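You will see two complexes here that share chain A, one where it goes with chain B and one where it goes with chain C.
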Partner chain A sequence: MNKAILLFLCLVLVSTAGCWDQAELDDITVVSGLAIDKGKEHKYQLTTEVFNVTALDPETRGTETASILFSLEGNTIAELAKKMNVIATRKLIYSHMRVVVMSKEIAQEGLLEALDFFEADREIRNDFSFIVVENVPAKDVLKINYPIQQVSSLKIHEQLDTMVKEWGGDPDIRMKDFIAALLSPGREPIAAEVKVIGSPEKGKTRSNMEKVEMDALVILDGLAIFNGMKHVGELPIKHVRNFLLLQDKLRRTSITAMCSEDKWMAARITNSKTRVRARYDNDVPKFNVAIDLEGRLETIQCPMEIVDLQAYLDMEKQFSEAFEKEIEETIRILQEDFQLDIFGFGEHMERQNYQHFKEVKDEWNEEFAKADIDVNVTLKLRRTGLINDPFLVEMEEEE
Partner chain B sequence: MYSAMVEKISLLQLFILIFLFQIGSAVVVGIAGEAERDAWIAILIATVIGIIIIRLYTYILSYQPGTNLFDIMGQLFGRNASMIISLVYTTYFFYIAARVLRDFMELLITDLFPNTPIEVLSILFMIAVLYVIYLGPEVLGRTAETFFPYIIIFLLLTAIFLLASGDIKMHRLQPILAEGFTPIHDAIFPGLIGFPFGEAIVLTMFMALTNKFQHVTKVSIGAVIATGLTLSTIKIVSISVLGTELSERATFPLLTAAREIAFADFIERIDPIVIFVMMLGIFIKVSVFFFGGLKGLEYVFQVPYRYFSIPIGMIVALFTILIASNYTEHIEEGLQFVPLYLHMPLQIGIPTLLAMIIFIKGKQKKGGITNAE
Partner chain C sequence: MLNKWMKKTVSVSKKNNENSATFNSCIEKTKQKLQDNFGDTSDLFIEEIQIGKQNGLLCCLTSMTDRQKINGAILTPLTDANLHNEQILDESTWEEYCKEFFSAAKHELIQYEHEVIDDILNGNALIFVDKLAKVLSIEVQKIEKRAIEEPSTQTIVRGPKEGFVEDVETNVSLIRKKIKNRHLRFESHTIGSETATKVYLAYVDGVTNQEILTEIRHRLDKLDIHALFDSGNLEELLEDKTFTPFPMLYNTERPDIIAAHLLAGKFALFIDGTPFVLSAPTTFSDFVSMSEDYYLPFLMGSFIRLIRYFAFLIALLLPSLYVAVITYHHEMIPTPLLISIISQREGIPFPAVIEALIMEITFEILREAGIRMPRAVGGTISIVGGLVIGQAAVEAGIVSNIMVIVVALTAISSFVAPIYTFAIATRLLRFAFVISAAIFGLYGVFLGMIFLVAHLASLRSFSVPYLAPIAPFSLQDHGDIFIRLPSWAMKKRPSFLRTENPNKQPNSKSPSPPKKEEGGTDS
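Now for the complex of A and B:
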C-alpha cells in the first residue's frame, strides 16, 4: 500500500513539475516595439526592437546601445514573430511591447490584415500605441534614439501618453478601438500619426544622443484618417484635441482666445463633458453637441481687471466662442474635404434613432457629409492663478 | 467502503452546487450570442424558463422524496425500460462532462499553456475530479462551499477593476431591443434553455440527497434566480467592455474583457485570476456530471458507483480529447447537434413525460380513494 502511494506521488511529481511552458528570465528577450513596412520580396517587413537589459541597468551600463533592431521579410507577421531567431539569440516575448508602427505605404494600400495577429495572439495585449508614420519607413522610427528614454518605443509610447494627458494631442486609439471603428457602420477609423524630423540616418547612432540639438527626432504629427482600411489623409495636430473632445475623452488641455487686437488669453481646461443628441429632421441628420468645460484662467495679455464678475463672464463667452469655432472647423473639414465620419456621429444616431439609422447605415458617410451639426460650448472659469489682476492693469493706470 | 445511504448534503450546499454548476462553463464560452446586444435580456427571460424547468424536476423527485431520477424511472417504467433510458442518460452525462472539460481545456491551452499537451491537463484535472467523487457527494458539497466565496469575490473584483479602469461603457448596450424580440427568441430556443438551465437535470442526483426535501424546490428556484442575475450581469460587463462585435468574435468573452483591465498602473494582466475562477466553476460542473453518470451505472449494474470512478474518470479524460478534433468542431457540435438531439429530449422530453405520468397516477390514486369512500 505504501509503495503504491509512493509511486502515485512520483507520478504526480513527474506530471506536474515538468511544465512545458516555462520560460526563464535568462532565456527570453523582451520586445519593446514593432514596425511594419512593405517588404521588397514579400508582403511585409517586420522590425522588432528589443531591450538590451544590461544597458538599462545603471550599474552595468556601458557604452552599448539600449535597444537592438532586427528586420525580416515575410508574408505573415505571425510567422516572422517566431522566426526572429534568424538574427536574435533568445526567445522573444511580445507581451510588453509598447508601440506598433505602420508605414504610411502599408496604410495607404490598406494592408492592415496584419492586425488580426495582434488581436488573436495570446501574448499581445491591447495596451500598445498604434501609430502610422508619415515621412519615413516605419523601421526608421524605431532607430531614432533619445537620451532620456533610450529605447525608442518607450519614448514614443510615453510621448503619446503624456500628450493625451496634458494637451490632448494623441487620439488615444488602441488597436481594439481601431478595429471596432472598422466594423462599425457609424464610424471610420483613425490612428495617431508621427513623423521624423532631421536625418534618420544620423539619428540611429549613439552620437545623436550626445548633441544638444539632436540630428533626428520623432514628433507627433496629428491624425491619420482612414476610409475603411485605407489611409486617405492627415489632419494637423490642432484638430486632435477637438476629436478627443467630441469623443468625450479629453482629459486636460489649454486653449487660447483673442481678447482684443493681437492680445490673447489662455485658459487651462481641467474638466470636460460632451453630450451628443441625434435626431432626423426631414431626412437631414441633426446633431446637438453640448460641451461643458471647466477650467481656470492662466494668462491674459489685455489690461483687464479680472476681479470683476462681468469680466469673468465675458471671458468665458469669448473662450467658448473661440473654441466652438475651432471644433466646427474640424467637423467642417471632415464633412467637406473627407466626407468621413471619424467622430462616430453615426453611432450616436444608431443609439438614439435606430430605425432611421438602419436605413442609411450603408451610406452613412454621405449622410454625415450633409448633417447639420450644432456645437455648443459652455466654459466655466472657476479661478485664476496666484495673481488676480495682471500687472498690465497697474501699468495702464500709471500711464 | 463508504455506505451510500448516510451521505447527505445541506440545503446551502445544494444552493451553491446549483449556482456554481450553472455558471460553470457559461462564463467560459459565453452564451446567448444570437441576441447580440440584448443577450442580457435573453438570459433574464431564459431564467424564468429555467425556474419552470427546475420546478419540473423537483416535481418529479417529489414522487418519492429521497430517491433519484433513475429509481423513479424504474418505478414508473419498469426495470427493463428504465435500464435502457438510464444508460442513455449515463452516456449523456459523461459526454457533457467531457464537453465541459474540453471547453476549459481549450481555454487553458489557448491562454496559459500553449505548449503543454492537452492530454496531460485533462488527465490531471480528471484525477482531482474522480478523487472528490470517490470520497462522495458530501465532499463535493463541502468543496463547493469552500470555492463559493472565492468565485464571488474574484468575479466582483473583476467587475470593480473594469469599472475603475474606465473600460465599462454602458452606452455600448444601446439601442436596447433594436431588432425587437426575434433575436432574443432565437437565443432562448433552444440554446439558452438547454445550456445552462436545462442541464440542471443532473442536479436531481443531489436534490435527492438533501436532508430536508420539503425545502428543495424553494432553494433550487432561488439558486436559478441567482444564476440568471449573475450570468446576465457578466454579459452586461462583457458587452459594455468589448462592444457587441468583439464580444461575439472573442473565443472567450469574459477572458478578453478581463485582459482589458489596466488600473492604476498596478493592477493589470490579471486574466489568470479570471481563469482560476472559471476553473473552480468547471471543477464543480464536471464533478456533478461525472457523479450523475456514475449514479446511472450504479442503478443499471447494481454495484456501488465507486467501483466505476477511476476507469470511467480516465475514459472521460480521454473522450475530452476525442470528442472533437478541433475547437471549431467542438463548438459547432455544441451549438447545433447537442441542443437539438441531446438537450431537448433528455432535459425536457423525458422529464415532461415522467411528470405527466406522475400527475396522472396521482389523480388516479386520489380518484380511487374517493370512489372507495
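Now for the complex of A and C:
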C-alpha cells in the first residue's frame, strides 16, 4: 500500500515537472536574424526577421514574402526579444538565428553592453555571425531581398560562409570569437562589415527581385575594427584575406601577381599554414611569421615556358614576394594608422614569452605598434591545371 | 475382420479379484472397470475376443487409433495365433505368446490401472486376458500430421527451408538428422495434468552446462499446470522473470537454429502439438541474429546484423525522438528541415504527441486486423489501411506528412527483428517512450533508455545474463555479436554459456592457397 502511494506521488512529481518548456511547432515562429539600431526614444531599436514558412515551402508557396520584420524600441535587448508579441502572433524562438546586424552608429558609440544577453540566453547559440552595417540603419539590411535566398539573414549568412570558403573575404567572426577577443589582452575585436549599394528604399519591395540588375544589394565590405567596444575604423575587403591568413584560418584563396609590365598571373591557394614565433629583443617585440602556401597556377598572361623548372621557381618567388608585400601592408596599416593588434600577436607573445608579456599586457597596443614583424611567405606551386604550356607560348613558337 | 471378432462371444469368468490397481480379474469386471473410467464416451471401443483358448478383451479409443494398424498389428497376428489354440494360463506363457505373435508392432506389458488409462488415452490398443494381471499394450496410434513445410515465420533467402511441425516425433527426427552425434540426448517429460503433453528436453551431453540442465529439470518437475498447448504456455512458466516485455526463452520454427543452439551448449524443449521449439539460456543478441547470417558471406552477414541492431533502435525510439525534438528541442533540427516540418504541421489540430499516439494506435489496430481477419477479406484491409493511415489522414489535415513517414519507418523497422516475441517487446515500450518524450523531451527519452538498459542488465535466462557478452563484457565472445567473424575464426563456444567443452573447432584455420616454400602441401 505504501509502495502504491509512493509510486503515485512519483508520478505526480514527474508529470508536474515536465512540459514547462514545451512549444508545439504550430505555436512558434522561427527568428532568422536580428538588427540592432539606436532607438529614437529608447536606447535600442530591435528588429527581428522571422521566417514565413508557408512562403518557403514549395507546396504552399504563393506571392507572400519569405520573411517578415518586427521592430520595437526599448532599453534592453533581452526584454525586447520577449516583448515582440506586441506585433507577432506566435512565440519567437531564437535558436536558429544566424546573424546579428548592428548599425555603425551603435558600434561607434560603444553600445555593445547588450551583448551579454546573447551569451546568457539558454536558447540562443553563440555562433551566429556578428556584422556591422556601414551606410544604412541595420534594419534596412534585413529588408533588402534577394531572389535566390529570400530570407535576408540567410542570404547574408550564406554569403559570408561561401566567401570564407572560396576567397577568404569574411573574417569568420562569430559572437563567441568577438567576446573572446574583447576579453583577451593580446587582441582587439573585429567584425565583418557589410554595406548596401543602390537604393535601400526600393530594395524593400518584391519588385526588387523581379529585376535583372537589382535596385539594392547587400555586399561585403571588409572589416570593422574595434578598440574595446568602440568601432574605430574599417579595412577594405582585400585585407580580410591577410587577416585570415595571419590567424591560420585561411582555407582557399586566389592571388594575383605581376609577371612583367602589366602582365599578370594568378594562383589558387589550396593549403596554407602559418606559424608565428614571438620573442623580445631589447624591449622590442619581434615576430617571425612563416607562411607556407601550396597551390596551383591558374593563369599567366606572359608567354612563359612553364614546364621549365627554373620558370616555376621564379614564379613561386614572384608570388611569394607579392603576397608578402600585401600582408606587410595590412600589418603596417594596423601598426601605424590604428595601433591596434587585431591579429592576436599579443596572444602569441602571451603563450611564448609570458613573463615579458605580463609586464606590458595593459599597454600591449603600444607595444604592437613598435613591434618588428617579419613576414616570410613560401609558396609552392604544385601543378598547372590540365595544360603543360599555355597557348601563348605555342602562338609565339608558330610566329 | 474387426466385425467378425466383435461377434464372437466369450464366456464369462466368475472369479472375483478385489485388487483395484491391477486387472487380474474376470473379463466382465475388467469391462465394467473400463466403462466406469471412461463413461459412455462414444469413441471407446471394447470388444470381447478369444485369445488362444482364453477369453480376452480388446479395448481402444477409436478416435485415437488407426484402423489399418489395428488390423495389421493385432487382428492378423491374433488370427494366426488362434490357429495354435494355445492355453494361456499363467503370465510367462502370456509373455511368450506376446513375443511370438505381436513382435511386429511396438508393444509392452503393463499391469497397473493408471498405466492402462494413460495408454488408452495415448491411442494404444489394449488386450486383456481373462484372470491375468499383465495387459498387452500395442501402439496403433493414428498420427495426423502436416507435411514439413517452409516456416511461415522467420523466412530466409538462403539456407534450409524446412520447418518444425506440430508432431513432436517428427521434430525430434529433424534434429537427429542434423546432428549425428551419440551425445545428443532427448529426455521425455509429460506436462499438464489434463493434456498430458509430451515434452522433450534436448541437449548435447558433455557440452551443455550440467547446472543449467539440473535447473531446467528441476523447473520442469516442479510445474503444475493443467494444460499445455504451445511453447508460449511453457515459456511463461519457465522463465526467470515474468514481468518483462522481453522473451526469456528463444523460440523458433527453424530446425537449423535449434541444432546450432544445441551445439553451442544450450538446451531445447520440444513440445508436442506446436511447431515452436524453445531454447535457452538465451541472450539479447540471439534475438538480433539469424541463422542466415552464417549462410551469407561474413561481410554481408555482419552488415545485415548491424542493420538489425539499428532497426531495433529505430523501432524503439524514432517516434519518441521525433516528438521530443519537435516539441522541446527545435534548435537540434537543421533550419531548412525545421521550416519544412513547421509548414507541414501548419493547421494540424493536435499536439505532436497526440498525433504520434493516434498514428501508432491506428497502425497497431491495422496490424492486429491484418493478422486476425479472414483471409478472404485480405484485400480490403490493405486498401482501407493504406488510405486511412496514409493519404486520407494527411489530406484531411489530421496528421502531418512527416508523421506518416516516421510511423511507417518505425513499422517497417519493427518487422526486421527475426523473432516475433522480441519484436512485440519494442511495440509496447515504444508507447512508454513516446509519453516520456512528451513530458520530458530528450531528457525523458534518455531517462527511459537508462531504465531500459538497467532492466535488461538485471535479467537472467537460466543464470546467464541477458546482455552477455556486452555486460558483463567479454571480448572473446564479440566475434559473433554485432558482427560475425568468418566461420573458421570462431573456434570457441560462447563463454557465457559456461559449457562443459569450450572448444568447438580449435584447429580451424583460414583457407588460403599453399605457400611456395612449403611446396604446396599444406594451406
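We take it that the second predicted complex is superposed on the first by the 383 of 399 C-alpha atoms of A that agree within 3 Å, B and C clash if a C-alpha of one lies under 4 Å from a C-alpha of the other, contacts with A are read in each partner's own complex, and residues count from 1 in each chain.
Here is the rule we go by: contacts are C-beta pairs under 8 Å (C-beta built on N, C-alpha and C of every residue); 3 or more make two chains touch, one makes a residue touch a chain.
Values in this document were obtained by computation on a predicted structure and should not be read as measured data.
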item	value
Chain B versus chain C as contact partner of A:R125, first or second or both or neither	both
Which of chain B and chain C A:A88 touches, first, second, both or neither	neither
Touching partner for A:L25 - first (chain B), second (chain C), both, neither	second
Contacts of A:A290 with chain B and chain C, given as first, second, both or neither	neither
Partner chain(s) touched by A:R351 [first = chain B, second = chain C, both, neither]	first
Contacts of A:M229 with chain B and chain C, given as first, second, both or neither	neither
Chain A residues touched by each partner, larger count belonging to chain B or chain C	C
Which of chain B and chain C A:A78 touches, first, second, both or neither	neither
Contacts of A:K176 with chain B and chain C, given as first, second, both or neither	first
Which superposed partner A:F51 touches (first chain B, second chain C, both, neither)	second
Chain C-contacting residues of chain A that also contact chain B	15, 19, 21, 95, 125
Residue ranges of chain C in contact with chain A within the complex	326-328, 330-331, 335, 338-348, 351-352, 438-441, 444
Residues of chain A that touch chain B when the two form their complex	15-16, 19-21, 95, 122, 125-127, 176, 179-180, 183-184, 350-352, 354, 358
Residues on chain B engaged by chain A in the complex (per definition of touch)	110-117, 120, 123-124, 171, 174-175, 178, 242-243, 245-246, 259-260, 262, 268-269
Touching residues on chain A, where the partner in the complex is chain C	14-15, 17-19, 21-26, 28, 30, 32, 51, 53-54, 56-57, 59-60, 93, 95-96, 98, 123, 125, 154
